[in-house]
Amino acid sequence: MTRDQLKDYIGSKYASLMTPLDTGRFDPMFEVKADRLFEVSRALRDDENLKLDFLCNMHATDTRENFEIVYSIASITTKLRLDFKIVMPYQNAEIDSVQEVWPAANWYEREMWELFGINVKNHGNLKRFLLPDDWNQGHPMRKDWDAPDFVRMPEIQ
Amino acid sequence: MSAVRTEEFMVNMGPHHPSTHGVCRLLLTMDGEKVIKIEPYIGYLHRSIEKICENRTYHQCIPILDRFEYVTAMSCNYVFSLAAEKLAQIEVPERAEYLRVIMLELNRIASHLIFFGTTAMDLGALTPFLYALREREYIMDLFEMTCGQRLTYNYIRIGGVSRDIPAEFVPKCREAIKIIDQKVDEYMALLNGNPIWQKRTIGVGYLSPELAVAYGVSGPILRASGVDFDIRRDDPYSIYDRFDFEIPVRPNGDVFDRYMLRLDEIKQSVRIISQALDGLPEGEIKAKVPLKFKPPAGEVYSRIENSRGEMGVYILSDGTEKPVRVKTRGGSYNHLQVLPEFATDILIADLVAIFASFDIIMPEVDR
Amino acid sequence: MNLIPIVAVELQPIFAWIYRWLEGLGLQGTLLTVVVYAGLGVMVFGVLAVLALFLVWWERKIAGHMQQRFGPMRNGWHGWYQTMMDGLKLLQKEDVLVDTRDKVVFFWAPVICFVAAFLAYVVMPFGDGLIVADLNVGILYIMAVTTFTVISLLMAGWGSNNKYALLGGMRSAAQVVSYEVPMVASILTVILFTGSLSMVDIVESQSGLVFNWFVFRLPFGPVAFMIYITAATAEANRTPFDIPEAEQELVAGFNVEYSGMKFAMFFLAEFVNMFTVSAIAVTLFFGGWQGWEFIPSWIWFLGKTFMVVLLLMLFRWTYPRLRVDQLMEFAWKILIPIAFVNLIVAGWMKYAGWYW
Amino acid sequence: MLSIVKGIVELVRGMTITGKHLGKHAVTLQYPEEKWPMPERSRGIVVLLSDKETGALNCTACMLCMRACPTAAITIDAPRGEDKKRQLKVFQLDVGICCFCGLCEEACNFSAIKLATKYEFSTENKEDLVWDMHKLQEVGRDVPYEARPKKKPAPKPESQSQPPQTVNPVAAPESESSEDEKKEGEA
């Protein structure tokens, strides 16, 4: 399946769940509603034609307006690859854990919770592991985070 | 004897333990010599590369990302350049692609040589480490001759490579890969048949293919578990589809297979390099990329096959000079994650062997 | 005159002179014996301390050249007094002590280790007549005192109140106790033919041609030697059997909490132990100090011992380390059966008279 | 029994391999006395180059290197004089945070800054790692370099051995108001 075929396949089969986005510059990119995440993940993994069983990467982005959580997934057998993202508001951000589908999400979700402050439901092991145990200075990967010793690049006129 | 009471105890393995390769901390629950539970704690080498990159231009990100995985810094250079090129749809000149492949494969050999040395050292044999570093020196010399640095190259740039290779590079490179090819046989003679080595590695630390795929394990470890997957072949990037090479796969998923697979990969990399040297065309080494590089808004996740599995970079661009978000993905992150899942009820010596065979390096985990 | 311990023929006049000088000072009877033996003890101690320092340097050089580097090069010609400088440095260092240690046990562990390492040299025949005391239970005495080392390691592991150290101590106890059995069995094979436990008798029974060396008595001689050298490597806690201090697993094992001079004592004792097991191997299997007459006997002894030490060093820098359970398995399932079968074969051949 | 013999054979084989190396000569060097020759392209310490005839700094205070530096190790202070030209007043390099990436050298249009093949500049104080203009110039006095033509950059490097000018700011399509110095270099 080529990238365009994959796009068409998903567009025809999962039209109600995944909306194609045109921001993806290489691999197809879709948007998924936060409450349908678990459903989508399971469908993508169990689909006979896709078998997207390999979670390459998952991370959150702070775009200053809202959080985007991007899942990059691939398949070992069918060699396909696609990304999908969830856009959610800044306040009280919360997602479902996809550990049941891709156990690899465990640490990625933990890191997201730690560095962005996005709560993960049903995670089961939300413990600090990157920052110091006694950290109380907020979530450093957010754009508005600041600290006295945080050096930004000098602005040259 | 019923009066004898035993209890489990916790041992802190790391962050400054000789065999955790840097600053990984494993909290072990042990029953005598037996490890019952492993809890990894990371973050001792956290340099917030992702946050730094948000504050840099695309060109400035490359030297920062050199430090993301310093054992194979060429891959870090490359994967970021690849993502940026995908974003801006840049066509890379032919010669640059060949040079990139040569450098990437040389770096893979260097990394696997380090793996060989440190694994042997963790299992108690100290001499192979020095032998492996001796051969790695040839590759480091080639890199220094080409780009001026031995570890943090900053060589592969957006749109090509920073400098053309010097005239004496090709003969020296041919000589180096020939020596390395011979020395790998010597390594195998030194350790493979050794009954102690076999006892320590064969059958130790079996990782099932299902668990490996579920936890995102990639690269040599995945292939040693019998899963035939290599991004160089299955999601081709650069010009890897032009070369004739094999992807070694081994079925047993134990420490010995992971070790042997990497030595086999060195041989395959040697094949790729010699083909690339033969086919090296003349021409441009860099596409025209402006200093104020502003890719159009969009996002891309690019991934390559590194010596430690899948290495990926995600870039979100809003059309300005600086990326909005750079997310790096290293293989070791997932490899460390899967460790507590299958390495239970083993002896502490086996844990050291498994950890060594995973070839985890901490900058990739902590970033 | 009979009070003078047996010493090398070349040194007899000097010793006689010292003896007379001491008598002239008014020393008599028991006191005289005590003084003479104390003097000898100091001499042996001095010689061995120098030997241990030399061995440390030598091992570093061997390891270096084996790995295609130089090893120590800074102090003197090829760094020949590097070890002395290291010792001086360790002497000056602060003795870092853990608060939660077991004070008595922690203090005495290195001392016992150090003393036990030197005790074996009471009956070691360095050359023709160059022996402190020719006990008639010589080899038995050596086996008895060298086992003291394990007690000290156990003490060090326990007294440090550190989990790594404790694991190391327990490992060493299990290991040394297990490997004692095949070692003694292989030594028994030798004693079967000499009929004496005295070290001097053992050496003299191998006099004559090279083929009289025990290692060349086919078929049991070489087997006994291989078993001995394996067990001895384990006894001396060296790779591939260095699990008590396995650096990559237990950081430094039993001596993880020791620093300064206490650590140096462990360190030196390790090298003295290595020399001890090699010296015993030479005495038992390679004809001890015997060789061509025109070279002094003690040079023969040292030369042969250094060859065996070189073998141990080759082991150390070539082989990976065994796991703790494989180590025990190897001792009990492979070494001990072979050792006993070898002993039975040797006994039978002795009984039947099929030997030369 | 056979496996034991085989094991012993393999052990001896391993020992012969390591034993063989005993006779070979070491591949290492005794560092402070002997040194490897540094390749020409080696990226060592950052130096400021001076003009071969006049001895004055080549730097025109265009701030391109400062802009290119990914770690903000370079600090330049160059107020504009009466003829609207910048006068270089302070050029400071914090060697402690410099990452020796070579981007400043590539950005420079005037052969003014270079990563020389020198190293060994360790100090005991962190403050000594902040190098000022004069020290950078002194260290760079004897560094050989090829002066770039001030008129126009070479069109394309023909020979391979010559380091090509890769990131060429001339190729930048945007021309911003603050980049008058760059245009001056072109003109």
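We call the chains A, B, C and D, going by the order they appear; numbering starts again at 1 in every chain.
Methods note: contacts are C-beta pairs under 8 Å (C-beta built on N, C-alpha and C of every residue); 3 or more make two chains touch, one makes a residue touch a chain.
Please read these numbers as outputs of a predicted model, since none were measured by experiment.
Q: If every chain is reduced to the average of its C-alpha atoms, which one ends up farthest from subunit A?
A: Between subunit A and the rest, the longest centre separation is with C.
Q: For the pairs C-D and A-B, output the one whose chains share more C-beta pairs in contact.
A: Looking at contacts between chains, A-B has the larger number.
Q: So, what's the distance in Å between the C-alpha centres of subunit D and subunit C?
A: 56
Q: With chain centres defined as C-alpha means, what is the inter-centre distance between subunit A and subunit D in Å?
A: Taking the average C-alpha coordinate of subunit A and of subunit D, the gap between them is 40 Å.
Q: I'd like the Å distance between the centres of subunit A and subunit B, where a centre is the mean of that chain's Cα atoms.
A: 24
Q: Mind checking the centre-to-centre distance between subunit B and subunit D? Centres are C-alpha means, answer in whole Å.
A: One centre to the other, that is 27 Å.
Q: Indicate the residues of subunit C shared as contacts by at least two other chains.
A: Expected reply: 66-69, 317-319.
Q: Find every residue in subunit B that makes contact with two or more other chains and list them.
A: Answer for subunit B, listing residues that touch two or more other chains: 56, 127, 131, 134, 190-191, 194, 196.
Q: Spell out, as numbers or ranges, the residues of subunit D touching 2 or more other chains.
A: 11, 14, 17-18, 21, 27
Q: Please give the residue numbers of subunit C that touch subunit D in the complex, ascending.
A: 62, 64-70, 73, 226, 314-315, 317-319, 334
Q: Can you check the complex and tell me which residues of subunit D touch subunit B?
A: Interface residues on the subunit D side: 3, 6-7, 10-11, 13-14, 17-18, 21, 27, 39-43, 68-70, 99-103, 106-107, 115, 157, 160-161, 163-164, 166-169, 171-174.
Q: So in the complex, the part of subunit C that touches subunit B is made up of which residues?
A: Residues in contact with subunit B: 63, 66-69, 163-164, 167, 171, 239-240, 242-243, 246-251, 317-326.
Q: With touch defined as at the start, can you tell me which subunit B residues reach subunit C in the complex?
A: 9, 11, 17-19, 33, 120-127, 130-131, 134, 190-191, 194, 196-197, 199-200, 347-350, 352
Q: Enumerate the contact residues on subunit B facing subunit A in the complex.
A: 40-43, 46, 48, 50-51, 54-56, 86-87, 89, 213-216, 218, 227, 229, 234-235, 297-303, 310, 312, 314, 316, 324-325, 327, 329, 333-334, 337, 341, 366
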